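Two complexes, one shared chain (subunit A), two partners (subunit B, subunit C).
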Partner chain A sequence: MSDFTTWDILRNLLLAARWTVLLSLVSFIGGGIVGALLLFARTAKGKAGPAFVKTYVELFQGTPLLMQLFLAFFGLGLFGIDVPAWLAASVALILWSAAFLTEIWRGCVESIARGQWEASASLGMGYVQQMRHVVLPQALRIAVPPTVGFSVQVVKGTALTSIIGFVELSKAGTVVTNATFEPFKVYGLVALIYFCLCWPLSKSSQILERKLNVAHRNH
Partner chain B sequence: MNYTFDFGWLIEYWPVLLKGIGITVELTLVGGVLGVALGIACAWARALGPGWLRPVVAAYVELIRNTPFLIQLFFIFFGLPALGLRMSELQAANLAMVVNLGAYGCEIIRAGIQATPKGQFEAGASLGMSRLQTFWYVVLIPALQRIWPALSSQIVIVMLGSAAVSQIAAEDLTFAANFIQSRTFRAFESYFVATLIYLALAIALRQLLRGLGWTLFPKRTAR
Partner chain C sequence: MSLIEITEVKKRFGDNEVLKGINIDVAPGEVIAIIGKSGSGKSTLLRCINGLETIDEGSISVAGAQLLPDELHLKALRLKVGMIFQQFNLFPHLTAGRNVMLSQMVVKKTPKAEAEEIAKRMLERVGLAHKFDAYPDQLSGGQQQRVAIARALAMQPIALLCDEITSALDPELVSEVLAVVKELASEGMTLIMVTHEMRFARDVCSRVVFMHQGRVHEIGPPEEVFADPKTPELKQFLGVTH
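What follows is the complex of A and B.
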């Protein structure tokens, strides 16, 4: 058996971390797009749209992400296609992120005072115009810090995709452990890499919150 | 889609599911109670504790909040034996959940403590209460009441996250679903049923915590 230096271990983990980063980006951006669509349905007039999104959010926030991954993996397989792990992982993470993002953004949209909606309606604006010109520009400002904060959850969520066989940082950690028999060192390094990915995001979320909230801080 | 769903295995395997539910509930109960206790201790240490303790707790909180639960679990179960700390699957799962909830709980409870006006501390002291009494009765209880909804959702998140403990062979609900699908080859159906059970558990836990909030904080302050 060949020996592994710490550098060998770290290099292998860092190579695998690329897939963690890529999957995080795909999930976050895809989740953002689906989440935005859901947001429009959630805040629209009528009953069916909001009710659907409510149920959707309840289902995805009330069940483990791991189960969602399993269901995506085996569920897509029911259609007779051979499902690669990356596809199931992306689909599940996008749908999961969308549920959380749409809920975060709904809070931001609803924090815009009612009078703003009424004022813009009295100017003859339709729903889309109201959103585009009045509500979203204000809501986006409030939405940035919690959205960046949620990206940390996405990065950490990708760790679970190792269980359905997607080879990213966590899976690489398991594989390298099985080769080196040094779980303490390997998982310590894996945790360190995750920390290096997540901590800047957490910190910038905090800093953004302080910066963007200046206008609203009156106590 | 030429697939016929088959839930017939439920007749034979429901005791397996039941046992898994029991373990998941047990893990959540122990993790929830001890995790909140650890969160309170850490929040005290960060807000009012001795100077040397604050950065230590801050580092612990940041470390846990910025790494995945799965890796924390693997580190505890596979990594710590290298230091001579060997434990069973369930003990490791419990420890990981407590450590995880402790860090998130610390941040949540600290936010509640920081919202306490400074005058409250002084009022407590002027009534002749000790520092600990002031912390417990004047600061902590109202703080907990304030942040109870946030803490409740974090406990639900930890319960759902506990699905990962099946990966170190702790025999929870997910482990039961894995076992059933390996026996029956009905993967989708097994996980589908397990998912529904998790959903029911999450809803029940949320209601339970809401009720607990009402009992623990009976209209102490008119809000």
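What follows is the complex of A and C.
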């Protein structure tokens, strides 16, 4: 007989879910900042910057997130650097998000007509000024829905960090299951909490898409 | 003293040499029409003058500013020559007024109030003062092109390049844009325009350049070029049959 009530289980899962939310925020915001820097390097003239970012994106998109987490966690350990799980998880997820966000945003920047670049160049603007005042304001509108959509992937991606021992929602699910021996109930609740986090994000992505399209048609 | 000096300019796209040694000198206040078939290199030449295309050989200078492929030299050059495009290329996320203000504030660091003042004056000059707060897609093609002209003028260039600026317009909108260009010409603005408007070229331009296969095939005052074409290519282009 289990000594745990459903409320006990849910309460513990919700406490751990805070870490899922925090890790998601850190990954998404950190990934956004790194991704924006990479975007500038990727779309600039010259060879070295774009080539570097291209390789970076291919590496991170071409390997499983789980391997990236292992490498961040164990890799630095090889050099005698003790990496706590939360740090390895944050770093790996930030770099992973950055790769995907850069690629999403690059698509948005490249969808801006060449005439916009030429007109702003002919008025004497430099690359950063063109990006800042002409291209990004237009690209942003296109970028919002896929970016919000990607945040769902980040939330779900944090589940993998349980493998390296970071106690977030999934890890808490395992721990609670080991105590209660009710895996179906516990993981059912875990899934439900993930759904409650992700569903509003996907929904808002859809709403934003509709809203921004309408705005675009009006002017 | 020439304002724009184009000397032995060559330009290749891969194996295809589109400009095969162009020499044109433009005096201040001249209005030059470049005519020719599509693929003759006329748009490419225009785009080279303000550095939208790099050149492989030769040199271009505008009022002492050399065309060199680094951002600093390009900026100096582009402050002297404005450009107007076939597709208008207004910034769709900004109002007409903002379109005219943006580059003044960003490139010349003009204070906002002053930029706004200049923008209003420039829009008035093209007859669109009342459209200051309209977004580009609320304007007709002709109005958009006039805003684009105002935007270029706000940077106070000493020459303007016009790349088939009426080709994307409905026929009834062509004249309002040409009227603005004519006005500029009469005020002494140096203009180089690639155009298909032969009547306009004849009426307004001081010289006509006929380009054929990447070369200046004929050049001269419009009455000469149009009335008495020397080469069979120009005769064919103008539809003159003998």
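Keep in mind that, in the parts below, the second predicted complex is superposed on the first by the 211 of 219 C-alpha atoms of A that agree within 3 Å, B and C clash if a C-alpha of one lies under 4 Å from a C-alpha of the other, contacts with A are read in each partner's own complex, and residues count from 1 in each chain.
In this text, contacts are C-beta pairs under 8 Å (C-beta built on N, C-alpha and C of every residue); 3 or more make two chains touch, one makes a residue touch a chain.
Values in this document were obtained by computation on a predicted structure and should not be read as measured data.
Upon superposition of the two complexes on subunit A, no clash is found between subunit B and subunit C, which fit side by side.
Angle at the C-alpha centre of subunit A formed with the centres of subunit B and subunit C, after superposition on chain A: 100°, rounded to the nearest 10. With both structures placed on the common chain, the touch criterion links A:Phe52 to neither subunit B nor subunit C.
When the two structures are aligned on the shared chain, A:Leu123 is found in touch with subunit C, with no touch to subunit B.
Of the two partner chains placed by the overlay, only subunit C lies in contact with A:Gly115; subunit B stays clear of it. In the overlay built on the shared chain, the residue A:Phe184 is in contact with subunit B alone; subunit C does not reach it. Of the two partner chains placed around the shared chain by superposition, subunit B is the only one that A:Ser202 touches, whereas subunit C remains out of contact. For subunit A, the partner touching the most residues, choosing from subunit B and subunit C, is B. In the superposition on chain A, A:Gln138 contacts subunit C only, with no contact to subunit B. Taking the two complexes aligned on chain A, the least Cα distance separating subunit B from subunit C is 26 Å.
Residue overlap on subunit A between the subunit B contacts of one complex and the subunit C contacts of the other is empty.
By the touch rule above, subunit A contacts subunit C in their complex via residues 113, 115-116, 118-127, 129, 133-134, 137-138, 141, 219.
By the touch criterion stated above, subunit A contacts subunit B in their complex at residues 59, 62-68, 70-71, 74-75, 77-80, 152, 156-160, 162-163, 170, 173-174, 177, 182-184, 187-188, 190-191, 194-195, 198-199, 202. Interface residues of subunit B facing subunit A in the complex, by the touch rule stated above, are 1-3, 62-63, 65-72, 74-75, 78-83, 156, 160-164, 167, 174, 177, 187-188, 191-192, 194-195, 198-199, 202-203.
The touching residues of subunit C, when paired with subunit A in their complex, are 50-52, 71, 74-75, 78-79, 82-83, 85, 87, 89-93, 102-103, 106-108, 135, 137-138, 148, 151-152, 155.
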